[in-house]
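Have a look at this one.
Labels A, B, C and D are assigned to the chains in the order they are written; within every chain, residues are numbered from 1.
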């Protein structure tokens, strides 16, 4: 649920206004698990973002971000995937809007498996096949491709923040792998 | 997408603040098609809200409303169903959070089939079986139970506002009726 | 629900045995609506098979066929798409096994919207994006790409057999178009 | 995937014919995870069948069984739930036919997580809320209600046969618990 860019301008929010809204309204997000698939659609790898935390520890995350005012869900999915994987990722945005689940991130820990200290975020979760090359665009950010088995490794899951390990497991269950 | 009550207090929004947020952020909603089912789960009737508009014309609507700050989706579903159908409706909120579709209401007509002049609303859409009696709680508001065939009648669909006729047809398709 | 090839050999069925099974067991099928999508995943066209019937009338159909013994659903999807669209279609089989609906074809008309005089078939229905070129492989069989609007035309829907017009409408509803 | 009763008569199969079909065709099944829910639809308990195996070991299973010729999926769900939980279980069969996943049981171990030495079975998997009392009808068969946390216990999962531990975990993931 990291958001590194802040859009400004007509219809968008200043940092102060966004902070105020975050104390008052659920904020709409999308979460994406990028996957590599073979010709049968079988998932061969799942992509997790990777960065070094300030304390030197490795943190992992899903592709994730806010839906903007007057932005289609599809456009938000494409924008956040390109932001994190670069313009050559060639994501295959699903043709149907039905997410595989909804993740509710609460500022209070324990209400759901998901937690975000900054806000109440409600996230539509999708699996998105990616066919091209990923070239992460942000400093200190990489994308690691793991086999479904590797992604279930407790050591890997422990590096996911905000309860996103639950969302990775939900995605893998949905995929049947 | 009618919202007749305005919550105030800690963490909630004044009317002015809500109006400001509506110009800047997508607002999270739930839409519900209440249904009657038989012992096999087959839908025997669908419920549409009915009210007389100011111009004397009949308007129909789904059960619909905003998700509040720090409110679970499940709690919002129950709250809006009880608001519109009364406390004896006995809704069976679905155990899984996956909605059957997402409806994106844009303030600009034509972007999607859904339109809301006040705001950009993104709505999680569910079908909810109702087992009890409905006793609409709001002035000039009734719930009409229609057979699936009656609900597809163009004259009925034409009385739905904001593109909700599309959502009713999507729900009926999802139900296989 | 046309099946033009009959596999024989170990573990498969002779025509007589298959005819016997069809009178005794529900037969497992897959139904596929091939679609063209843009970079946002929005459906720009849907593919319907087209053939001239013996009476000279045009008949339309979904890509459809039986799941064989010891065959994965994914493999059946790929096989039937390649059978009807050719080897250069480049279908993107969905990574998750959840179908958007189940179509129950009964030999008795009127039990469900779906009918198959030969058998009781239960079909898992999927939408499959296709990125390559289609070159139908069977005699007198073509694939026509229609806009979502054209596909809803009553004249087009009337050319679909066995109640598949209902399945096309269900797919379009699921896609939100 | 236990089937204790064998229907005979018009349109159904003798034991010999069924054995022959099982070597030639995928057989259509339904799998059901019965759940208890509260007023918000939150799952408070999941039901697993329990029996003593011939070796004295405890075996657990989902409610599961074959779909018969000319039987609706809904009717098969109700029949198998009543067979295993008794006539007072009051199941709430889901109004939509979309299963949460498809489980492919192969006679060859390792093709998928699911295995059935007798046959290739393809199962439509559903979560079904149950509101009444369960009174298992078969000898040596009980229904145990477990909290979602208890159901994830490796010792419990190890008592599930044929890979159904995977299906229980998939159901719990789908439910968001």
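Just so we're on the same page, a residue touches a chain if its C-beta (ideal position, glycine included) is under 8 Å from a C-beta of that chain, and two chains touch if they have at least 3 such contacts.
Computed from a prediction, not measured in an experiment: that's the story for all the values here.
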item: Intersection of contact partners for subunit A and subunit B; value: C, D
item: Fraction-based call for subunit D against subunit C, same above half, different below; value: same
item: Between A-C and B-C, the pair with more C-beta contacts; value: A-C
item: Computed distance of Cα centres, subunit C from subunit A, in Å; value: 34
item: Rounded Å distance, subunit C centre to subunit D centre (Cα mean); value: 28
item: For subunit D, residues contacting two or more additional chains; value: 72, 96-98, 100-102, 112, 174, 176
item: Subunit C partner contacts - residues on subunit A that touch it in the complex; value: 35, 37, 39-43, 72, 74-75, 77-78, 92-98, 100, 127, 129, 174-176
item: Subunit D residues within the subunit A interface of the complex; value: 101-102, 112-113, 169-170, 173-174, 176
item: Subunit D partner contacts - residues on subunit C that touch it in the complex; value: 11-13, 17, 20-21, 23-28, 67-73, 96-102, 104, 106-108, 111-112, 120, 122, 124
